[in-house]
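Dumping the structure here so I can ask a few things about it.
Note that the chains take the letters A, B, C and D in the order they are written out, and that residue 1 is the start of every chain.
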Amino acid sequence: MAIVLAGHQYGKAENRVVRFQRDAARHEIVDLNVTSTLRGDFADAYLRGDQSKVLPTDTQKNTIYSYAKEKGIATVEGYALELARHFVDDVEPVSCARIDVDSHLWTRAVVDGAEHDHTWTRSGGEVRTAAATVAGTGAEQQVHVVAGLKELTLLKSTGSEFRDFLVDGYTTLEPTADRVMATSLVAQWRYDATCLEDGFGFDAAYDAVRAAMVAQFATLHSLALQQTLWHMGRAAVEAVPAVVEVRLAAPNKHHFLYDTARFGVENAGEVFHADDRPYGLIQAVVARDDVPEAPLAWQR
Amino acid sequence: MAIVLAGHQYGKAENRVVRFQRDAARHEIVDLNVTSTLRGDFADAYLRGDQSKVLPTDTQKNTIYSYAKEKGIATVEGYALELARHFVDDVEPVSCARIDVDSHLWTRAVVDGAEHDHTWTRSGGEVRTAAATVAGTGAEQQVHVVAGLKELTLLKSTGSEFRDFLVDGYTTLEPTADRVMATSLVAQWRYDATCLEDGFGFDAAYDAVRAAMVAQFATLHSLALQQTLWHMGRAAVEAVPAVVEVRLAAPNKHHFLYDTARFGVENAGEVFHADDRPYGLIQAVVARDDVPEAPLAWQR
Amino acid sequence: MAIVLAGHQYGKAENRVVRFQRDAARHEIVDLNVTSTLRGDFADAYLRGDQSKVLPTDTQKNTIYSYAKEKGIATVEGYALELARHFVDDVEPVSCARIDVDSHLWTRAVVDGAEHDHTWTRSGGEVRTAAATVAGTGAEQQVHVVAGLKELTLLKSTGSEFRDFLVDGYTTLEPTADRVMATSLVAQWRYDATCLEDGFGFDAAYDAVRAAMVAQFATLHSLALQQTLWHMGRAAVEAVPAVVEVRLAAPNKHHFLYDTARFGVENAGEVFHADDRPYGLIQAVVARDDVPEAPLAWQR
Amino acid sequence: MAIVLAGHQYGKAENRVVRFQRDAARHEIVDLNVTSTLRGDFADAYLRGDQSKVLPTDTQKNTIYSYAKEKGIATVEGYALELARHFVDDVEPVSCARIDVDSHLWTRAVVDGAEHDHTWTRSGGEVRTAAATVAGTGAEQQVHVVAGLKELTLLKSTGSEFRDFLVDGYTTLEPTADRVMATSLVAQWRYDATCLEDGFGFDAAYDAVRAAMVAQFATLHSLALQQTLWHMGRAAVEAVPAVVEVRLAAPNKHHFLYDTARFGVENAGEVFHADDRPYGLIQAVVARDDVPEAPLAWQR
């Protein structure tokens, strides 16, 4: 037997790019955390220490910052695509590039009832994500775009049950017909090739997917977080035709009713302890059945 | 010489209380992290292991959760006051109690353009804080309320300079007449006794102080973060007569202009690297000069 | 087209199990963070809200804690295997179970020069990891064990170069023949079926793999972190015959020489700024070429 | 009434200084996180935006890194003192300077049974801390040194009780005669002027204080964490004559016995759930009664 280098990739992680538009009195802000990952013909760097085909991660950093001006960031997906294409098309040893972007949202500061031109507060809460993967060149080039969000914490104070579950010798959970359901959602959705057309509305698609998922979480009378996730994924695909696959991961952030009856205080679903760990973790993949799988789109 | 117990206190930290109002179809949510701190006649627990005067921290936890229903949480400051008074008035060995509360904000989910009755998203971003301290009993009882916020990240993309500073042999900083200024503000403000009157509007006061500070950050042409802080504190005191002292701590979250000229790309205040560490840390205390200091209000 | 549930799994994450052996005066401690993930016939819970085949995550939690006593934790890998087999063999709808374990290490407290019987300090630093995956029943049952570590921060103050790399229009990095190299290693290695034999020494294998990797990091004169990783992976496979595949992820924790020459102070590789972000991220998979791939072992 | 600037200070926080000794084949590493805080005549910067007396925080950073070479870091306390004295003595508007240092510990890598000359693993676990405060100049100059540690997680699996405590209407805790006691200790101790003498052994003092505290935690049969803290503080003062005051903060990291009897599994103090929040928080100050208090030493 021999020992072989069976896989490898490298890149620059967590470049904290902040880009302003200052052409008009009303400035705009984009606040990103960008990670590049390159795959290709780099085995010599591992096996022999030969760097002649290795584009330094420092160079990747320079490119990431420079492209924020050169190409602009009209959409995070478009910016990620530009970067991924550059590395594959312009750097010979690179056969595949992936660009991951976290986008932190800001809210315009309000002064005397009006939005301020050049001051913002960071929104906190959810982070918008995007990943573009480009592999190969010319007519063979594959391109994938996955958009998403994370740290979107959702909670509903009624309209959620959990009962009639499987029971074994370790089961002590009481069934409930009315509980608090909360999660910190991670959602990622893959677009089909439509998104590569000029003028595809990444921002509108994001808003539509987010709205569809939030609406399902809110309005579905839930028999389980599993059921809620399915309907959120289904609604996302229905909301935007270009969305062909949705991956959801949802921690069940447990809220335990506090037993205040011991002190003569009735607690009818009003006071809860929000627990940290452990937590249920529910995952689902929802997809259109007429679209081929695309493992490369998801490979990190 | 002898070795003595020169100070002591104890409590239950980070009780994660979530309280719903479910009386009407439109529910309300309050999401708190509550810490109790008791001072008093507990030296025997330290010196001799005698617990007879020690109210367990587990009991403090039970009380914190139960009071969320018994007394309700009309305002976080009022709830903190109720708890602090209880420990001092009802638990004999306790001579002083402090209740610290972090309040996490939620935004009502929007479904089909309308706010949902019982679903929210966690706002992230700033955390509202409150601390009530009660010491002594009867006519001698001292009461202090400090409100505040933390993790309020503010940024302005112009209107900030830093120049004409002191220069020594270690100074290499270039002066600048136009920079990005950003901070993650921690602000705490002390109310005078007015706030103990029935119907004092803690929520309105919070909104007024926050608005005054944000307005100063946005509109003051800043010669230094120090100057901005002074004006923020001053404006807070002016905005709400009951506010007698404001304490501000502001990390200078550095944004460094990225040198893209090396690649032939002009960067006129458009692309920045948001750095993590180190960071400047600027602090200020702003107060009315006709009000005595209150160290007890600030003692954690 | 139709929208389908294309994948799903669920479990209980981050059960904080602490297990003591108290049979002898000299106690032992095991401190784990355990996550269960179940796959199988749960589509009805998603599609129709039917929980009849769903073993609650609360039940999984109960089982995880109870098994810590019932089966004991002679090794973390063995304990993970017992749990994974239980869910597949004893819970009918479960076709595949994965148990992930983080093991936090403790050091016996030293009192008057001797190790104490029942007091420890938490070691911090590296976390030992283990994952067992069991799929199918009877003769068809597949079993995989992956061991590993994370947060092992390694640094060498010399013996590392980086030069003769690819240069393009965005390259500004200076080559260096002597730099600080540091990483916070994540390593995972897969065992072949040998590890399922009675008496396989998981702890000895862990120690041997760790020692082999640390030795390579220390002694190899490094031309790149890539080269170092390859030799670390290769040495791990050579050190323990049961190891058939190693996956390594290594952030390049950059240390930048501080320019003190501006102040007339020579700095010959002595004073550095340890930067946070961005960081290079180098990855490698090293494997024996006579062993089939096992994607299931790695699927989280 | 007028609104006044009642207090102010500023500095550079979290400078990540890594310093190597490379004079001999066997290198040495010091890994610090350094924060400077300056007080003095800076009101004009706040009130009028006048920076002429403000030494930029960037300059403070430069000084911190340069001093790591100029003065060296024989001990972290000595290095902090050099920096604090410099700012007060050499920068005219500065009347008081405080330098806070976190020191991260590293362990020499072991290769083939021998410690390696220039490779280390980061120890994790406890962080050593030091703070030097210098105020005033010449004969009036006050100097304070506070050493300490944080994140020292200690656990004992027996030898701890908690019972005979105060009971009120909210008390549901069961007394226990044998529990797990664990904490993540924060300890800070103040030295008297002896420490300013040439050759004072800061490292030996640190080791002696730490050993005395760990020994008390381990060997005292504890009736409460309060009692344990008192004896830890007392032992620290006794162990090192120069230590005149010790401040201790100790979260009670609760370990709850898991009820496995429900599954027919006996659990005699063997399997616990390590809970995150809430936690008890116990604090104590232990001091020699013949030494004046020194509030300036503790002011951050």
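Everything that follows uses one rule, which is that contacts are C-beta pairs under 8 Å (C-beta built on N, C-alpha and C of every residue); 3 or more make two chains touch, one makes a residue touch a chain.
Just so it is clear, the structure is predicted and the values come from calculations on it, not from any experiment.
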If a chain touches chain C and chain D alike, it appears here: A, B
Shortest walk length in steps over touching chains, chain A through to chain C: 1
Chain D against chain B, contact positions shared by both copies (same if over half, else different): same
Farthest-lying chain, centroid of Cα atoms versus that of chain A: D
Chain A-chain B separation of Cα centroids, rounded to whole Å: 31
Geometric centre distance via CA averages, chain D-chain A, whole Å: 39
Whole-Å separation of chain centres (CA-atom averages), chain B against chain D: 24
For chain D, residues contacting two or more additional chains: 15-16, 62, 66, 170, 172, 262-263, 276-277
Of all residues in chain D, those that touch chain C in their complex: 15-22, 27, 29, 31, 62, 65-66, 68-70, 106, 109-112, 116, 118-126, 151-159, 180, 211, 214-215, 217-219, 255, 258, 260, 262-263, 265-276
Footprint of chain A on chain D - complex, ascending: 169-170, 172, 262-263, 276-277
List of chain C residues in touch with chain A within their complex: 1-16, 35, 37, 42, 45-59, 61-63, 66, 90-91, 93, 162-168, 170-173, 222-224, 226-227, 229-230, 233-234, 237-238, 245, 247, 251-252, 277-291
